[in-house]
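Have a look at these structures, which come just after this line.
Across the two complexes that follow, subunit A remains constant while its partner is subunit B and subsequently subunit C.
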Partner chain A sequence: MTERAPCGRAAKRFPPGGLDARRASRATLIILLAPALLLYAAFMLYPVLRTFWNSVHTIKPNNVPAFVGLDNFRELLGHDWVFWKAVGNTAIFAIVATIADVLGGLLLALALFSGAPFVRFLRVVWFTPVLMSYVVVGIIWVWIYDYDWGLANVILRAIGLGSLEQSWLGDPHTALWSVMATHIWKWLGFNMIIFLAALYALPADVLGAAELDNCGWFAKLIHIIIPMLRPTILNLTVLSFVGKMMIFDLVWIMTGGGPLWSTETVSTYVYKRAFDWNTFDLGYPSAIAVLWFLIILAFIFGLTQIMRQRDRLEF
Partner chain B sequence: MITRKLAAALLVATGLGWAAVPKAQAEDVTINVWTHEADEDAKVAFRELAAKNLEAAHPDVHVKITWYEKNPLLAALKTALPAGQGPDVLYVEPDWTEYVEAGYLAPLDDLIDWNNIEPWARAVWVVNGKTYGVPQEAYTNEIYYNKDLLKKLGVELPANAQFTQSQFLDLVKKAKAAGITPIAQGVGDRPFPGAYILGEALLRKLGKDDYRKLWTGSLSFEDPRVVDVFKWTKELVDAGAYPKNFMTLKLGESHYYFYTKPGALMLPMGSWYTGRAFVPEDKGGQPKDFPLGVMQYPAMDGGACNQCKTSAVGASFAINSASKHKDIAAEFINAMSTPEMGKRWIETVYLQTGIKADVKSFSGPYAAYFTELMERQKGADYFIGGPRDLTRGECKDSFAQVMNSAFPGGLLSVDQAIKMMNTACFKG
Partner chain C sequence: MNPLSAAKPFAGKSVAYPRRAPLAAFALIYTIVSGGPFLWVAMMSLRTTPEIFASPYALPSSIHWEKFVDAWTKSNYGTYFWNSTIVVVTAVALLTIIGAMVAHCLARYRFRGNRVVRFIVLSGLILPPQLMILSLFQILLEYRLYNTLTGLIIVYVAGHLAITVYILEGFFAQIPQDLFDAARLDGYSDLEIFWRITLPIGVPALFTTVTLNFIILWNEFLYAVVLLTEDDKRTLPLGIMHFMGNHQLDVGMVATGLMIAIGPVILLYAFFSETMIKGMTAGAVR
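Entry: the complex of A and B
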């Protein structure tokens, strides 16, 4: 009796159903939800709605907004070649880096899962870049890519491949790929950890049964492990793809969108038009943001539809 | 019951406390200042001294200076000002024209003591008959060079300190042949230094009027004189004038490259070069015994104005039109703009200024430099403002991408560069 007393007291203070959200009064729910809803409305909903509103206006001098309908979108779609260049760069970045990120992360995770030597050390080394800020990563890699004293060219010269030395970030042909390589280096470890967790969560009896059936390592990978990792692969693919469609920080730090707009992404272009174009008019940059938001939304919707057929997404 | 009594006591105490606040304290005013150039010690000391002077003269006034790097400052201003927020006094530069157009800067004609400001510098900030900024920093575009390296190449600077365009090309080739980087320039973090040579050459070739027309869209980049200058610049580029890491070398690094490691013959730069070079060596400054010289940009063949030179106003200060303390904000700007402070600016920052300052002779460790700099101003015909002050939007972006970066970086032919600039800038 004595041991059960606290429960008894609690039962008296909180009658059955008192803490059940399904039975709480509407007023209680509103009070509890209000802080979060207010924050969401102030920092998410209002900016989004305001961006939509801005996209059909031009803010004229002295801060007077003028309704321009779809003019900003017409200009954007019909005449702005830098925007299309940025779309192309972003698409290449999102597709190539996503594939590399997911495949690379899977390979690293498999290496650790299969019991490669120095597993703990490698896990820490491969995951460390994830913990670094974009600013630090960007600065380190700008140094690595420096023509004169950068590690990339120093290594090429040291192994007799001096003819391949490049101004990696200064040449439009290599700049985007160089930034992409940096981005992949930073995020491989994240995907690796997620895959590793998924691998350790695989049912041991299925893997054991496969071994009893003399299933080889490669066959086990193709026919058992990868199909069972499918939800994780799909989740990481979508998250990675969406993240890269919005890539800004690393590009801004490493190249600022240059040379000759070869690394311009949609996000860097929005920033330039908003803050670096000698204007307070947020109409045009908002139109870019709205259009890109709708495109990303369509991609997410499409991917979700495709994946819903077999797997439930977890993001 | 106890809780209620406690609350009542707190209320009374708070009320009494409120009533007991001295009236003078309630009237204290804090002026907020947002400024760039946190990394330049001499400028920091200069502005903080002005704040202290103002606070000493007006004990009820406090000045709170917030230091920014330029890009974060721009981002902060562009979000704060449209929201009716922001500082009382803000750092501005003449090419930030949008602030005036949007009505975020207060007209200063009746607030500032203009007797202390050079009229040519004030003119930079006059828009539609009203003045919106107080110029503090002024500069000219110069070519800094290493006197010892020039001597080593067996080249003597002409008496007027100005090579012809062919002599300059030969100098670049000689330096390159001797294994010396001719021009230590980089565009890794700035949208303008790569265009110093090309821009100054265009000014001399075209003269002031046509040069202005070029940047304001009424002179085509296909003008034969413009094409000639691009061709000459391309010869410099092809001769290896710029370092291999030109595209990624940052402004601060280009200074270090020039005077320390690996060393270069020349560094075209605004005369605000001193802000980075004249600091202790362990903070990235030039070595004490560095043989620094100043030469003119080369004279162009058939140039309309070979004595022309770009002079521009840099750091300036303005007052937020939403400020509730415009008079006191103006007092702070006035405190930075006295003749004594102007003299102090020259003697500590080693840079020209828009403040009237009666400095007849120079002293201190860099006196010889400043004397040489003033020598290079003799007979100069100034064009006030640079391309970035005169261009906007697509033209300004193309200037940064093409003339500042890709063309001197060797990525574009003359025809490609001309076409891109013309498409972006020429209005027909």
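Entry: the complex of A and C
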């Protein structure tokens, strides 16, 4: 057995018998790591590689997969208008809902931070939608948007704005925005909790000093609180944006991508092409999934890079 | 009263008061907006569909508990509930123990390949389910795990290992090394150290990941909808969707189903709200 340098040094520091608690025998490591690594290899890495492989093939049931090179991607980028419609919808969703989530969460956190009564109770209630499944939330809001007896139209009629009543999910002009409103409603509480923790962590002496300087509430918010919350804001923006790039559940439950593709997102389109359309080809939807994953990856790296540069410039 | 403070009504603390009323009003409105829909469903779950259509927003006039019995036995919600329970409890237990094993290794031991293992496991944080779902469908078909609860459990464990390890490792790394040195001197074996030191001390972190995984898996929809199609295998979210699809107009019964799905979550939340809030937001702040 050849000795490696670090082992030799460790052996000198500790009496023989392996007393260094930073080291474990190979057997221990294998016992502790093997289940996770085997699961990972079989049910994460292999599926990912297989999706990449799928994306350059045509795969029909009971047929040998046929290699088609980049044809799937060419078709996708050049001729598939439903895909581009889905990309547009997903982009609108990701951008608008992210901004609303972050600003709304900040607003709720500030309301609690600046002394609303019953803070402990309110944050618990306001967080409740985060815990509920998309199925529960989706069905409740399908009812709220119902044309005849849904709460949205009932309220509009009650306050004399009956002319504004809509078939919220049935009209291509309002469907995407209605689903988006539900999504924002579900996640506001999440952002609120993160902001609230960040607000409580702000140094009290800085806020106190601002008060002594007779700094108004709004000025304090703009000049002191928001700049100090910047890392939290950027963090939540990335998290929320990336999550919405992949949105599937709520759209699938509330509208199924309809009416007239007005709420189709990239993920619902992948699902439809794989399981609902009678093309029965897993290669083409795999190509969509691969392309979209690469775009998300580019966004993650791009956004984190921008954040780092900004930080460097400021300090 | 001090005449000076009366003369300057906007000085000092009095400035806070004009703001209080709008703030309280805002708080009240948002409380209704965020909590109201659940109260509404709770009321509808106790009313029959004709009652609901007569007046959707009325309080229950007579309470129909028997709807829960109906839902449980006649509408198959009992099966859905047990499927969900089996899947979630098994997956969370496996995730906790396997995740803790990996987190303990990464946080405690220096070994060759440490960085590679960490990179592989944590890469799961940025791999979206959408990227794997189509090939997992093929793979589970080939392994005869398609349409089985076992298959779904395995997929859940693999998919949530990354976030579990990520949270646990952060906590385990903060346990003082002295404890482990002392245990080693006392003659504890590696596995005893894991079992008798890391796990008991790590209980708060384990609670966090258990809560997070429980909520997310209880609510999970995408994997389940692709990997399960038989009615007696469906989990609660799928079962409700299926029931909704077949009985669109039976609003009362759907509401009862919704209450069965959110009941356990609400019950846990009533007792452990702080743990659950902490758990759900644990992975977010990096």
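The rule is simple: the second predicted complex is superposed on the first by the 270 of 315 C-alpha atoms of A that agree within 3 Å, B and C clash if a C-alpha of one lies under 4 Å from a C-alpha of the other, contacts with A are read in each partner's own complex, and residues count from 1 in each chain.
To be clear about the criterion, a residue touches a chain if its C-beta (ideal position, glycine included) is under 8 Å from a C-beta of that chain, and two chains touch if they have at least 3 such contacts.
None of the values given here were measured: they were computed from a predicted structure.
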item: Superposed partners subunit B and subunit C on subunit A - clash or fit; value: clash
item: Which superposed partner A:Pro259 touches (first subunit B, second subunit C, both, neither); value: first
item: First (subunit B), second (subunit C), both or neither touched by A:Ala274; value: both
item: First, second, both or neither for A:Ser25, with subunit B first and subunit C second; value: second
item: Contacts of A:Thr51 with subunit B and subunit C, given as first, second, both or neither; value: second
item: Partner chain in contact with A:Trp292 - subunit B first, subunit C second, else both or neither; value: second
item: Which superposed partner A:Gly115 touches (first subunit B, second subunit C, both, neither); value: second
item: Broader residue contact with subunit A after superposition on the shared chain, subunit B or subunit C; value: C
item: Single subunit B stretch clashing with subunit C - from 42-50, 78-86, 150-158 or 240-248; value: 78-86
item: Intersection of the subunit A residues that touch subunit B with those that touch subunit C; value: 274-275
item: Residue numbers on subunit B that touch subunit A, as the complex places them; value: 74-75, 78, 81-82, 95-98, 101-104, 188-189, 243-248, 392-393, 396-397, 400-402, 405-406, 409, 411-412
item: Footprint of subunit A on subunit C - complex, ascending; value: 16, 19-20, 23-24, 26-27, 30-31, 33-35, 37-38, 40-41, 53, 56-57, 98-99, 101-102, 104-105, 108-111, 117, 120-121, 124, 126-139, 154-155, 157-159, 161, 165, 177, 180-181, 183-185, 190-191, 193-194, 215, 218-222, 225-226, 236-237, 240-241, 244, 251, 254, 258, 261-262, 265, 269, 273, 276-277, 280-281, 284-286
item: In the complex with subunit C, residue positions of subunit A that touch it; value: 19-25, 28-29, 31-33, 35-37, 39-40, 42-48, 50-51, 54, 108, 111-112, 114-118, 122-136, 139-141, 143-144, 149, 151, 154, 185, 188-190, 193-194, 197, 217, 232, 235-236, 239, 246, 248-249, 252-253, 267, 270-271, 274-275, 282, 285-286, 289-290, 292-293, 296-297, 300
item: Complex contacts: residues of subunit A adjacent to subunit B; value: 59, 61-63, 82, 142, 145-148, 150, 167, 169-172, 256, 258-261, 272, 274-280
